[in-house]
Amino acid sequence: MKDKTASIESAISRIKDGDTVMVGGFGVPGTPFGLIDELARQGQKNLTLIKNDANEESMGVDRLLQNGQVNKLVVSHAGLNANVSKMMSKNQIEVEFCPQGILAERIRCAGAGLYGFLTDIGIDTILAKDKSRIEVNGRSLLLEEPLKADFALLHAQHADSLGNLSYTATAQNFSPLMAMAADQVIVEVEHLLDLGDLKPETIHTPSPFVDLMVSLPTLTSDYGVLRRGR
Amino acid sequence: MGFLDVDVRERMIRTATREIEAGMTINLGIGLPTKLVNYLDPRISVCLHSENGITGVGPGVEPDLADRNLIDAGGAYVSTLPGAAFFDSAVSFAIIRGGRLDLTVLGAFEVAMNGDLANWMVPGIFAVGVGGGMELAQKARRVVIMMTHLDRHGNSKIVPACTLPITAAACVDRIYTDMAIIDVVDQVLILREVAKGISVEEVIDATAAPLQIPDNPVPKF
Amino acid sequence: MKDKTASIESAISRIKDGDTVMVGGFGVPGTPFGLIDELARQGQKNLTLIKNDANEESMGVDRLLQNGQVNKLVVSHAGLNANVSKMMSKNQIEVEFCPQGILAERIRCAGAGLYGFLTDIGIDTILAKDKSRIEVNGRSLLLEEPLKADFALLHAQHADSLGNLSYTATAQNFSPLMAMAADQVIVEVEHLLDLGDLKPETIHTPSPFVDLMVSLPTLTSDYGVLRRGR
Amino acid sequence: MGFLDVDVRERMIRTATREIEAGMTINLGIGLPTKLVNYLDPRISVCLHSENGITGVGPGVEPDLADRNLIDAGGAYVSTLPGAAFFDSAVSFAIIRGGRLDLTVLGAFEVAMNGDLANWMVPGIFAVGVGGGMELAQKARRVVIMMTHLDRHGNSKIVPACTLPITAAACVDRIYTDMAIIDVVDQVLILREVAKGISVEEVIDATAAPLQIPDNPVPKF
């Protein structure tokens, strides 16, 4: 049996300067804070990050931004992290905004081994201006290209030792898609189960997609319920 | 965006609940639209969708009782109703783009007379990404806007053509404001109702785009 | 609550002559024999069928073929049904063969509200000869177009009254994809559960995709283990 | 296809098991390749994939003990091993096209010296669709063929160029036959081993395409 478990240090040390890294999560649920913090500690630079959102200030990927480790961010929005606007206005970071469902499909497209897809989403907007247009059956469409990565960093509620994953509630979001689209997939796991303890029908990410797993001994406060004024 | 008197706001939300029919699958945008759910007749069963991968969203939950892994697309802690489902972001947007979302209710910065919607970007001031807004505006079967009629400077948010970058073209079906209910039909704005205490003339004055006024008296809401 | 349950007669009677019908199943698992048999009984004609395979002779969709109800069949293979070859050679039916994974993606593409995708699968083969080619970043690719249907006929192991579905073992196959890609989705259900009895994380097809459900009172022998010589 | 002596067949299968390393994700085609699993060292843990949506395929099951909903892509009743997963057909082929399938072992009608594979169609005789064959041949990281060296008419199945419609171009890495083991390297066929009782000359005679013969003695299998 190939053992996919690893220490968090060795798993994250595979990431090199200049790599493209996909990070699961939509807000707090599904964000692999443990793996991100280790990446902040190790300090790899010139990264391209792909994530739904940029978390909130001082949390998750914002630590990588604040550390100056990130050249480019591909997100659907950064509405909860004012630091992104600040860094954009100072030209400290390049940000590519992508409609959320198109971001998901571009990641999935790479994961499915396809080379692009055609859509009309955003076709009348400024987001379409640099995109190729393809005419099909008299309809003008945007060509969206796949988004691949060197690494995906994911958080799973349950996993078995082969690397089968299941996610909980809204922590699923982009994770099953990113698991397909990265050359190496590193997962932090809340509960590592015995083989056979996951029902085969309930597995969200089958084992061939997973390369390394890190067991999360404790959950830091980042994983908890956010208490912000609303 | 503008300011709203609490009573007017509540009346506006209550009125907009008439958009919602039993059995619909619905996505409610952040802000005013999210509040709709609090005013729904509990006997009407609808399926609330959230972009981050839920159908069957239930009422909001206080932090003390919240599940750390269960938020809506706006980041609010929510519950789920019996019959809820969780899924990934690709499936979530397949529901929207595939034509299975009956209704979305969204906020707006501007709505143009042809139904163009601008609600995601103010160049140089607010440009933090569109999230799922484009898909919702472009692909929901019905797009309803809830917004103040005027912006905080007193300018009409209903305009001949959007001055801000649009979210989607010719997508809006109906607008609920604190002053009026207006339909967009074949690129024409038609006044349907006016708020209590507001005259048709006041609505016309407050609307930068041409407004078609029915011959019959306009109902109040 | 909108009641999605219906009698098998009324559900299938929605299908009209000339409709395109997707049918779930890969071999026996997932094939909705009950719905198919009712369609054979009602006799709608000039149908286009989209399915992974054509079942075996005298079973499932072969009954529709033998009945002369089908003009066109879109499948990945018909290797277990000799009747398809016979009907093809007599020009009694048009058959479009599609690589299996591309068939799955074309169905999913329609279900995801997209207008096509780019692939290199089959590019050097005779299956590519009528397909449009698109050049992207110097690479020539095939444009595959979405496959939509008027109806999808599916089989689910479990469902709740809202229309959430879960499939068992290899009965899943094309069903979650077809559930997204048809205007009307009709599902035969082995076990109809109370609301809340399906764990939200284990649902394979969320309720908005499902229009009508038919409760299967008994399973005919078609659903059982096939005992063929091998 | 040709006929195989039972002993030769078994030796061929046993020899081909050396392709399989612990931890691999593997798809075995219908026919000879499927038999590989019966000759694997049980201490070697591999993940068998089947196109119809399984990883962790276990041994075949007799009808009396079969689960009616659990077949492999060839229609055979199978079991699953602990750690198995079920998924839909889109995910199943994402594993293949996305580069997560380490090895596929397939049968063949013809293999050309450039690695072209024909294994799905004989025009006018056998044309019942390709199933998942094109994806497997084109996208598995390693493609290994198991076949008889000659067809039933005594013609070589290893040819300068395929005469039948191909499944995928330049995809084959290695060929196991009842007579030889041959690698395809940069469009050249290289003889690696010959079967016991067969001479190098007999292999050359039975091979319609040019065969590169190593200087050193060729091992027997």
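Per-chain numbering from 1; labels A, B, C and D assigned in written order.
In this text, a contact is a pair of C-beta atoms (placed from the backbone, for glycine too) under 8 Å apart; a residue touches a chain by one contact, two chains touch by 3 or more.
Predicted model, so just to flag it, every value in this text is computed and none were measured.
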item: Contact distance in steps, from chain A to chain C; value: 1
item: If a chain touches chain A and chain B alike, it appears here; value: C
item: C-D against A-D, pair bridged by the larger set of C-beta contacts; value: C-D
item: Geometric centre distance via CA averages, chain D-chain C, whole Å; value: 29
item: CA centroid of chain B to CA centroid of chain C, Å; value: 36
item: Approximate Å spacing (C-alpha centroids) for the pair chain B, chain D; value: 57
item: Multi-chain contact residues (two or more partners), chain B; value: 54, 86-87, 90, 93, 96-97, 139
item: Touching two or more other chains - residues of chain A; value: 105, 112-114, 119-120, 168-169, 172, 200-201, 204
item: Parts of chain C lying in touch with chain A, wherever the complex brings them together; value: 105, 109, 112-120, 132, 134, 136, 139, 141, 143, 145, 166-169, 172, 199-202, 204
item: Chain D residues touching chain C - in the complex, by the definition given at the top; value: 50-54, 63, 66-73, 75-77, 86-90, 92-93, 96-97, 121, 127-135, 138-139, 165-169
item: Residue numbers on chain B that touch chain C, as the complex places them; value: 22-23, 25, 45, 47, 49, 54-56, 80, 82-87, 90-91, 93-101, 139
item: Interface residues, chain C side, partner chain B - complex; value: 1-2, 110-114, 160-162, 164, 180-181, 195-196, 198, 200-201, 203, 206-209
item: Of all residues in chain A, those that touch chain B in their complex; value: 26-30, 52, 75-80, 84-85, 88, 95, 97, 99-105, 108, 119-122, 124-127, 157, 168-177, 204, 223-227, 230
